[in-house]
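Note that chain A is present in both complexes that follow, paired respectively with chain B and with chain C.
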Partner chain A sequence: MLRTVINKLVGSVAAIFGASIISFVFLRVLPGNPARLIVGPLAPASSLLSVEKQMGLDQPVIVQYGRYMTSFLRGDWGFSYGAGVPVTTEMASRLPASLELGFYAFLLAFVAAVICALLATYRYRPVTDGVVRGTAFFGLSVPPFWFGLLALLLFFATWGILPGPEGRLSTSTTPPPSITHFYTIDALLHGQLSTFVDAVRHLILPAITLGLAPFSYLVRLLRANLLDVSREPFIIVVRSKGIGRFLAFARHALPNAFLPTLTAAGLVLAQLLSGSVLVEKVFNWPGVGALVTDSILRQDNAIVQTFILLSATAYVVVNLVVDILYGVIDPRVRIS
Partner chain B sequence: MNTPVEQPTSDDAVLRVQHMRTEFVGDQGVVAAVRDVGMTVNRAEKVGIVGESGSGKSALALSILGLIEPPGRIVSGSVWLNGRDIPFRDDREMRRIRGKEISLIFQDPMSSLDPVKNIGDQIIEGIVWHQQGVSRRQARKQAVELLQDVEIPNAERRLHDYPHQYSGGMRQRIMIAIALANEPSVIIADEPTTALDVLTQAQVLDVLQRLVTERQVAVILITHNLGIVAEFCDKVQVMYAGRFVEQSMVDEIFYRPTHPYTEALLESVPRPDRLERGILPSIPGSPPNLARLPAGCSFEPRCSVGHGKQICKEQVPVSLTVGSPMRPVVAECHFARERFEHSAQHVEGAPV
Partner chain C sequence: MKASVHAPPEATVLIRRRRVRPTRWATVRHATQFVLGDRALAPATLLLLALVVLAIFGPLVWSKDSLGIDIGNTLQAPTVTHPMGTDGVGRDILARFIGGARISLLTGLVVVLAGATLGSAIGVMAGYYGRWVDAVLMRIMDAILAFPPLILAMAVTVGLGVGVTTAAIGITLTSVPFYARLLRSEVVRLRTLPFVEAASALGATQRRIILRHIVPHLSSTLLVQAASVFGYAVLSLAALGFVGLGAQVPTPEWGSMITDGMQYTLTGQWWIGVFPGLGLLVAVTATSLISDRLRDILDPRGQARG
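The block that comes next holds the complex of A and B.
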């Protein structure tokens, strides 16, 4: 078991390095000169050269990469010319916003998917099943930014029950003192109930919009798996022992149906944690998704590079956790 | 209605099923898989139910346990078990009876055990459920004894193993251990040997036989293997299109089958003494579409005796009881009486 974990760990680190090399090379090979963007179109060649030299752009790519990675590992992630602050500062303010939104979107999508899949399969209920499948179909086909705009139009503009696209908190609310950087948790930790409620109210629409597609994906998978498993002979055998339908489902059908869903859930989580450009734009959410699109346009390579590395790490870590979880849950994996 | 075979020992009955009718709603409309069927099983009796795939054997087994899931439903019927009618259509009530008074051994040992739970937990589950006040520790001890009963070596240690670590034959014996856990009076074994090789089949049947002699358990053996029926059972019920078309003692059926379907089934068993005859006889046609049964006898289109006859085409045959009162044969055939009287000449040789 430990051996497998170590093997996977080594593989994970290698994968992150691979991602760093590929992204670094691609960003440098792209046409356009970041130094030119900094000094401006009218600056003389001498100042362009000095900025290039200062940024290390005159060095071969391999040297640039070596320098970048050593300072990255030391915690110096470079300087964002677009924002005029170090990348670490920029990320520290943006990343928690994306993480918090992604986390709640995942929680919502996952819990809702489990509940809906159970409702659709626990008993033979053709109507409920039809509604669940219809919702999933809708959720997979609808573009998130359109859904987000529609939600804003209804819940904010028309009915006024939920706040508009103003970010993580109302303008009148001050952010809670930072501990976890999740406003909801920090607010609770400091007992600021009104701040908590405000943060939650701001999260509802973006989290639903962001979670809709993952929910649809997961509910389809889970529903199909649950149907398959509930038709397995061992469920009838469990029932023939006298075990009721609910326990047979909870103890035997659900764990078996979860296994194939775990990988999918992991990928969905990693994707949600790395932020979403369109949803963040629609809701004015101060996350990394919006920051990265702007940085790509500005050739603010330090930001883009950091983002790629961080999201690669997120994917790899989540996958690693999923692999280890498989070993814990599925005895067949544990042995082999 | 199928009248249960009246045995001289019928005070000894543990299970009596009457007027069981089970339907499934499918694309072709309502399909009756079990059509108004009855049977009686006595203490320590071994009853074989034989028939082709789709004849309603498994549906009957699940109906008796009240485990028919929608879109299937039990339309009518009563089940009398251990001296009383049981509410087999009330799931809540049945939870106290299933696995305690009557239990099930299922056909495919590969898929009949939960792959992610260890064997111990799967045996203990039923014990803890039915025996109130039994601690998990005591249940574990019982589980070890059960595994030893079905001849699993190193039972204590193997309790923690998972299904994939056992062979097919062992899994089938574990299934028997699970079915035995609360000492039921009836075990329904649905094709318990189908997925096993001949040697393992014999082992599993040995274990079942021991239960019958040592614990007086009644076994209903559902199979399409006539050899196993001949070897194991006391009584046979032949099922065709959701009905019992023939019921009698096992030697009776093999020496002189009364229903043409039974005869055809026996004819289609490969036998070494018939090899020189060339092609193995088979029953022409396929089982009837249960959604559109023939107006008369459901076997008429495939029957060597009644095919094309007016009476078989138009009238549903009633159950006729023929033979001596001690060894009755019940058959649903218009020609049952004639055939019974002449059947000795029709079938040559010894039982299969």
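The block that comes next holds the complex of A and C.
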């Protein structure tokens, strides 16, 4: 067991090392001289040289790589010239909005996926199954930013039932005093029911849009797993012991179908990360994703680079944890 | 041909068999019949084909300029003269839609060809030579897989400079491990099979074994993977275009057209953003249908990723 964990750890460290080199090459070496970007195109060679020296650009590439990694690990992520503050400050102020949206998108995707997968497999119902599969298929084919736009067009511009792209709250609503930085939870903690309702109404469309891809992916996976598991002999044994269909499903089939879903956690995270970049802008959601989109247009590279590195780190860590957890939960993996 | 009296009977049989082999045309006809007879493949292929025809021949039929600004006719709703309406500077959306189809489909094709070539070369080498070649190549693939795919494509375009070409390079790079890992495991399995050993025992060179005895067995795996990468490529290019890392104004590209339409959608001019998205949806849905169905038919073991 320990050996498997160590093996996986070594593999992941190698992958992270490789990934850090890729990011170093694409984000630091290829975009041109960062000193030139700071001093401007007209600066004399002498000031360019002094800035280069100050930034360590005259050092060998290996030393530069070392500095690049240590400053990233120390949380020294540079200065955002677009926002006029350090990248860390800007990211931290944007993070809660993204976390809240991502959390509800995931919750919605997960709950809906479980319900839909159960509906599709609980009994043989070709129509329900077809609808669920069709929805999942649509969810993986549709560009999320376009889906969000379509949702706004219908629910805001045409029918006017839900608020438009104005961020987390209506302009007339003041944000609740922050404890968790989640507006929905903070509002409830302070008993501000109208603020809570407003925050929820603003969350509905973005959360559905962001959750659509993970939902589709999870539904496909869960449905296939449930079908597989429900054909296993142990389910037949459970049923012949006289346990009802529902209990056999809920207590025996479902937990076993969940297990392989765990391996999808990394992929779901990737979908949420890249999804936030694509979806937040559509709804003017003041999160990290919208910040990245804006920074791309402003050519504020420090922020874009930090986001790319942080997403890769989060992705690797989640995949590693899942890998190890999976071995702990499922003894069959440990042996093979 | 004059059959010699002394020729052993087996020889004539061999010659006859050669004659009966179906011609290339018959294979094409057979494949077409198969595709058209399939309930899932037929509509998806026809849909995709329609887009391809539109992309190739569209500009011949619809002669409006995709870049032609017409200040007198901005934000026109769809009419007979502008079937998809006009945008904020009076450009014809249908002409831009056709231009977008060209860019999307061509990029998808290039990404698939480049990625499949690179990925299968890496996968075959890693699987066939094993040892350190395998170790080095697969560690590189792991490093690429350590990024969420779209995020890596973003990093590449940030590094190489924005544009359709760099976006295509980024997307290709992220697609390489999909092929390489799959083909590697196939080659590892094939390498030990008797017919490869037989070829080796007969003195075939490694080059010949790889090209004549291993690569042909990979074609169905490769085809399935290539079909799913095509959809992924089209969608990713639009996503990069949407955030401003792909095609730059005024190039007609579906993703950036949706960005352009965003500000008008809420004031009621829905056609600017809706049509390009519809194009994307059709292209990606058709390819996913094809790749799913091909996987069912050709390669039940294959797993999709991304």
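FYI, the second predicted complex is superposed on the first by the 215 of 336 C-alpha atoms of A that agree within 3 Å, B and C clash if a C-alpha of one lies under 4 Å from a C-alpha of the other, contacts with A are read in each partner's own complex, and residues count from 1 in each chain.
The criterion applied here is as follows: a contact is a pair of C-beta atoms (placed from the backbone, for glycine too) under 8 Å apart; a residue touches a chain by one contact, two chains touch by 3 or more.
Values in this document were obtained by computation on a predicted structure and should not be read as measured data.
A.B. asks: Which partner chains sit in contact with A:R3 here, chain B, chain C, both or neither? Use first/second/both/neither.
C.D. replies: neither
A.B. asks: A:R74 contacts which: chain B (first), chain C (second), both, neither?
C.D. replies: In the superposition, A:R74 contacts neither chain B nor chain C.
A.B. asks: Who does A:L153 touch here: chain B (first), chain C (second), both, or neither?
C.D. replies: In the superposed model, A:L153 contacts chain C only, not chain B.
A.B. asks: With both structures placed on chain A, which of the two partners, chain B or chain C, ends up touching more residues of chain A?
C.D. replies: Greater contact footprint in residues on chain A: C.
A.B. asks: List the residues on chain A that touch chain B in their complex, please.
C.D. replies: 123-124, 232-234, 236-245, 251-252, 255-256, 259, 329-332, 335
A.B. asks: Can you tell me which positions in chain C touch chain A when the two form their complex?
C.D. replies: Contacts found on chain C: 139-140, 142-152, 154-156, 158-161, 231, 235, 238-239, 242-245, 255, 258, 261-262, 265-268, 270, 273-274, 276-277, 280-281, 284-285, 288-289, 305.
A.B. asks: In the complex formed with chain A, which residues of chain B make contact?
C.D. replies: 62, 65, 67, 69-71, 91-92, 94-100, 103-104, 106-108, 111-118, 125-126, 129-130, 162, 164-165, 175, 178-179, 181
A.B. asks: If we count contacts the way the header does, which residues on chain A are in touch with chain C in the complex?
C.D. replies: Listed in rising order, the residues of chain A that touch chain C are 11, 14-19, 21-23, 25-27, 29-31, 137-138, 140-143, 145-146, 149-150, 152-153, 156-157, 164-165, 267, 269-270, 273-274, 277-278, 281-282, 292-293, 296-297, 301, 304-305, 307-308, 311-312, 315-316.
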